[in-house]
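In the two complexes below, chain A is the common chain; its partner is chain B in one and chain C in the other.
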Partner chain A sequence: MNTRRAAIVGGNRIPFARSNGPYAHASNQDMLTATLDGLVARFGLQNERLGEVAAGAVLKHSRDFNLTRESVLGSRLSAETPAYDVQQACGTGLETTILVANKIELGQIESGVAAGVDTTSDAPIAVNEDLRAVLLEANRAKSVGARLKALAKIRPQQLVPSIPVNSEPRTGMSMGEHQAITTIEWGITREAQDELAAASHQHLAAAYDRGFLDDLITPYLGLSRDQNLRADSSVEKLGKLSPAFGKAFGDEATMTAGNSTPLTDGAAAVLLASDEWAAQHKLPVLAYFVDAETAAVDYVHGDRKEDGLLMAPVYAMPRLLQRNKLSFDDFDFIEIHEAFAGTVLATLNAWEDDDFCRRRLGLDGALGSVDRAKLNVNGSSLAAGHPFAATGGRIVASLAKMLHDNGGGRGLISICAAGGQGVVAILEA
Partner chain B sequence: MPSLTAPPSLLPLYLKAAATGPLHRGGDSLPDSVYTLSDQRIDPAHLAAFQQVCGYRTSDVLPPTYLHILAFPLSVALMTEREFPFPMVGMVHVANSITLARAVRSAEQVSFTVRAADLRPHPAGRQFDLLAEATVDGEVVWTSRSTYLRRGKSTEKKDDAKRAELEPQQGAVSVLRVPGDIGRRYGGVSGDRNPIHLHNLTAKAFGFPSAIAHGMWLKARTLAALEGRLPDAYTAEVAFKLPVLLPATLSVSAAQQDDGWSLDVRGAKSGKPHLAGSVTVPAAPTSTPKDKAAATKKAPAKRAPRKKTA
Partner chain C sequence: MSDRYLNLVNSPLGSAVASRVGLPQPAKLRRYAGGDPLLPGPALLGATGGKPAAALRKLLTGAGAEVVDTLGEGERVAAAVLDARSVAAPADLGALRDFLAPAVKGLQANGRVLVLGRLPDGKSVTADATRQALDGIVRSLAKELRRGATANLLWVENEASLGAALRFFLSGKSAYVDGQPVVLGAGTAPDPTDWDQPLAGKTALVTGAARGIGAAIAGVLARDGAKVIAADLTQAGETLAKVANRLGGSALHLDVAAADAPPRLLDHLAAHTDGLDILIHNAGITRDKLMANMKPEQWDSVLAVNLESQLRINDALLGSDQLNPQARVVCLSSTTGLSGNRGQTNYGATKAGVIGLVRSSAAAFAKHGASTINAIAPGFIDTEMTAKMPLATREVARRLSSLQQAGLPIDVAEATAWLASPGAGGVNGQVLRVCGQNLVGA
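Let's turn to the complex of A and B:
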């Protein structure tokens, strides 16, 4: 089968806001629509019929069953642009990029948008599970008497709503609690985590200062920079924070609010196209999508150290590199999503661990070391924040721009996701 | 021997247990009654309610402890017999072992037998087993051994050595939040409405600081957490340790072993043990896929009309 390359034309996102901050009243659809409109404005896509828009959100209201299509209908794109929703937890934004790129490569579409959005402020609240059961029973009842009999089962305590909890359904532990175990098992120090967090803030602040984000961001609701960014962040300041996760481990607890990503609201989108479409529309090509791989780990019953909730990218990466006959040294930029500083550092440690790589990755030795000078050079989620499904789009757009600005080269992306999943991808220019 | 076609009602048995408690004056033998209950149809709504309370997926496959609750009224009838040496109130369920020979489905009609066996000393009194067996068309599909303790004088020497320090829990650990009303919920679906499970006040009357979870609920919930990991045939053996005072947050470890899984449930903060046990998977499959298909097909055709009276 003949395939062609999928080009990354550019991206757009809104600044990421801290939970219950400036975007407290913005819904997923509000933010996604604004982000799509920013992309339309940047690339002159008004009334354009694109091949498709693929997007998703992790925390979603049931009324948003067609979130992406509804956002397209409200945007300035042609209403004839089809759309669909995707959800792969924090991997959503990168997974939609893979889907759109694959369709372009197969010649099924000429252009498309991959996007993601999440709000932790405007979160869905469901009715109490017991109340829901009673209401559904009443709804199924065929007579007034049967309906009243069902409704008579309503109790005052059922009026307490069910609020979404940030924990894995099968383990009852939040992502931070899971990562706290991984961080300890891999021997990641507090200092190393704080260094990574400080570097993330410093790099992102520098990127803003030199205008790198000017054509990647559209201001929204009074925000023009990521609200979480602390340009003056330092290891000393971060060192003063007390542990937020893994407190049960006492002195071993090293994860703080500073070296963990905060709950964030935001959206990000990427425009992909065939070379022909980009040329016809007189649009630039920043980079090309090359290949991707996903993996999953048994964090429920697997090994406490090696099958940690956020360890799946560790397993996806060697498969991707082998298929493309590449090693870390062949890349100019390496983007590892900073869910927690400990996640990045445990991932790097695993790839450098000879025994682990032989046993679990089936390699002849360690996968290799990532040159820190290539890692998250313009900052990542610790500084920008992490609206779950939006992170992939943020990283793809900025990495494509970095490769373009670099005059070419290769870039690698690694994103961990809830449910023990991980998505990794290669871009080149 | 009492042979039933419908399960005995539990409420009259409980009243009998309460009223006749003092009449059970010990003795050195168990009654040799064998209770049987034939050709029970499964009520899909009841099965779904049980699955929901225990954390199982709604499915046609019966959870192993679901068969336990179907056999439970026979156990109560046996323990409230005049000849039974101990009053039922105050008996402690200390262990349960279930062997599932194959998957049992809701379309099948299951017959049960229950008997008591093996009265023997326990360091804290005396213990005995209630042996239950479930058959489908004469084929044994499920067996269960529940061990009960009657506290009292013991002929067995107590182990004077201090309780050994517990090893840390093995493997990946999950957190399980147990709501305060789980005893009422499980009591509702299982019929086991022992007052120590239902409400703090009734539990206090029996010396517990609060309502406690049913041991068999905890076993069911722990097995349900192994969704997708267990074959159709296995033995799940657990010992019930300290009671789970409700509400509770538990730390559940299910670690893979060469022949199955080890189970270890403790208090998330206290670290106190609540349940310990194992799932043992037979080395060779007990039935070929062909047999299974035949068994599933056969079942509905053999459905016999239900007898009305005992």
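Let's turn to the complex of A and C:
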């Protein structure tokens, strides 16, 4: 089959806000629409019919069943631009990029937007499960009497709403508690985590100061920088925080609010196109999408250390590198999503572990070490925050720009996701 | 900021009260709206020393004016155009009185008086003195006209730009330009194929385009057919995106005062455009303080944004291959730069500096494929910048002009669009005030 390259033209995101902060009253649709409009403004795409817009949110209201299409209709894109929703937890933003890029490579579309959005402030609240059963029964009832009889079953405790929690349905454990186990199992120290977190803040602050984000961001609701960003963050300051996860492990608990991502609101979008479309629109190409791989681990029944909830990228990476005959040394920039500092460090440890790589990844030895000088050089989620589905778009756009500014090169992305999943991808310029 | 006083005195009751107690009675100005005719009535045409030139009549009718040569008793006209290029001795000036006295009486509300003259050229003292007298006549007449009428003077050295100038000055586009002289010199000034889209095919960049005057300029340039890049600070990005989307342009986050602004701009132009045709230096800030209390950072930031950025960006463009021939650059100055303003030594420095910049670089731009560079000096324009003024000062400032009201961003935008148009190629190195003939200063 003939394929062609999918170009990354650029991106746009709104600054990420802390939960219940400046975007407390913005819905997913508001944020996604504003983000699309910022993209339209940056690239002059008013009334343009794109091949498609693929986007999604992890926390979604049932009324938002067509979130992306509704956002497109509210945006300055042509109303004839088709759209669909995708949800792969924190992998959503990268997965939509893969989908749009693949269609461009196959020649099915000429241009498209991959995006993601999440709000933890305007979260959907459901009626509790018992009440839902009663209401559904009343709805099915044929007569008024039967309906009243069904409704009479409502009890006060059923009126307590069910608020979505950041926990795995199959284990009942939060992501942080899962990661706390992984962090300990892989022997990740508090210092190493705080160092990673401080570097993330310092790198992102420097990127802002340098103007690196000027053409990646459009301010929203008065916010023009990520609210979570602490330019003066340091290992010393982070060292003062007390543990937030894994408290059951007592003195061994190392994960704090400083080395874990906070709940965040935000949205990000990436514009992809064929070379021809980009040239026709006089839009320069930043980088190309090369390949991607997705993996999943059985975190429910698997090994406590090796099948941790957020370990799936560890397994996806060698498959992607092998298929492309590349090693870490072939990359100029490596972007590993910082769900928790512990996630990044456990992932790096696993790839350096000779025994693990032989047994579990089927390699002849360790996959290799990631040169820290190439890792998250403009900061990542610990500094920017992590609106689940928006993180992929943030990383893809900024990595594409790094490669462009670098005058070429290769970049690697690794993103872990709830449900024991992981998405990794290669870009090049 | 809506002008409550203007609205009040234009209501029946307000107007009766205002006239009885002798308050100023600002008129609702005739401003251009898409599809408007050039003039809402006929234009009276006259000339000193003979019959009006056929070429001038043709330009007027070509622009859509209904030209009349005489004004009957009780008849009214929307404009009076007098070709006074022949005056050579003081006695010749009587012809202006002969023409203008009845014309002014018959002038409709929002009428236009336009006098054509020739610049003094140093050949004859008598002729030069006579020619210069036209300036005094027009400026004084402008102060007499009421009900939104204006008077302006065109020094016609070369007729290449006369057509576009007539269209600007007679239409509602010049509503807030009053008592001003403009020199129409030699230059390349082609007629557009479509006068409703004079900027079709042109790429324009407007700095400080997120709001106020810059947003209005971006809108008018887009209306006239240009592809507009709206630039502003990243912090202004939210409204900037709305501006860009409204006019079908693109948004560029660019701090014009940043050290790397010129190369970043050139990179953007190289990657996204086929070269720049129109550049509007509009970004500007105020940091008002009396000299005695002026802090270095207040001084420096105003200098950096309002003046240094323009110098550096112009240099970079002229030294690059990104500025197309017949380019048009318009720099925002201010009447403060001409007449000074208390508390604005820093701002006044930059706005006078811009005038120096424009005059001094006109030759370099002319050499660059017959390009031009001009300045616009707005008077009091209602924007968020002037909304920062204390209420009383603002109210007074609004009335201190012949038109007795503040201008709107659109007024500056229309003048900018004229100077940015191909037809204005003979206007170079000049300063046009858009100030309703502000009573302060020159």
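Definition applied: the second predicted complex is superposed on the first by the 429 of 429 C-alpha atoms of A that agree within 3 Å, B and C clash if a C-alpha of one lies under 4 Å from a C-alpha of the other, contacts with A are read in each partner's own complex, and residues count from 1 in each chain.
Note that in this section a residue touches a chain if its C-beta (ideal position, glycine included) is under 8 Å from a C-beta of that chain, and two chains touch if they have at least 3 such contacts.
Bear in mind the structure is a predicted one, so any value in this text is a computation, not a measurement.
Partners chain B and chain C fit side by side in the overlay (superposition on chain A). Taking chain A as the reference chain, the count of touched residues is higher for C when chain B and chain C are set side by side.
Looking at the shared chain after the overlay, A:Ile336 reaches neither chain B nor chain C. Of the two partner chains placed around the shared chain by superposition, chain B is the only one that A:Asp307 touches, whereas chain C remains out of contact. In the superposition on chain A, A:Lys282 makes contact with chain C only, not with chain B. When the shared chain is aligned, chain C comes close enough to touch A:Ala41, but chain B does not. Once the two structures are overlaid on chain A, chain A sits at the apex of an angle of 150° toward chain B and chain C, using CA centres and rounding to a multiple of 10.
In the superposed model, A:Leu263 makes contact with neither chain B nor chain C. Fitting both structures onto chain A leaves chain B and chain C with a minimum C-alpha separation of 45 Å. Of all residues in chain C, those touching chain A in their complex are 227, 234-238, 240-242, 244-245, 248-255, 258, 260, 264, 271-274. Note for the complex: chain A touches chain C at residues 34, 37-38, 40-44, 46-47, 76, 211, 213-215, 217-222, 224, 282-284. The touching residues of chain A, counted against chain B in their complex, run 167, 170-173, 177, 248, 299-304, 307.
Interface residues of chain B facing chain A in the complex, by the touch rule stated above, are 171-177, 225-226, 229, 254-256, 269.
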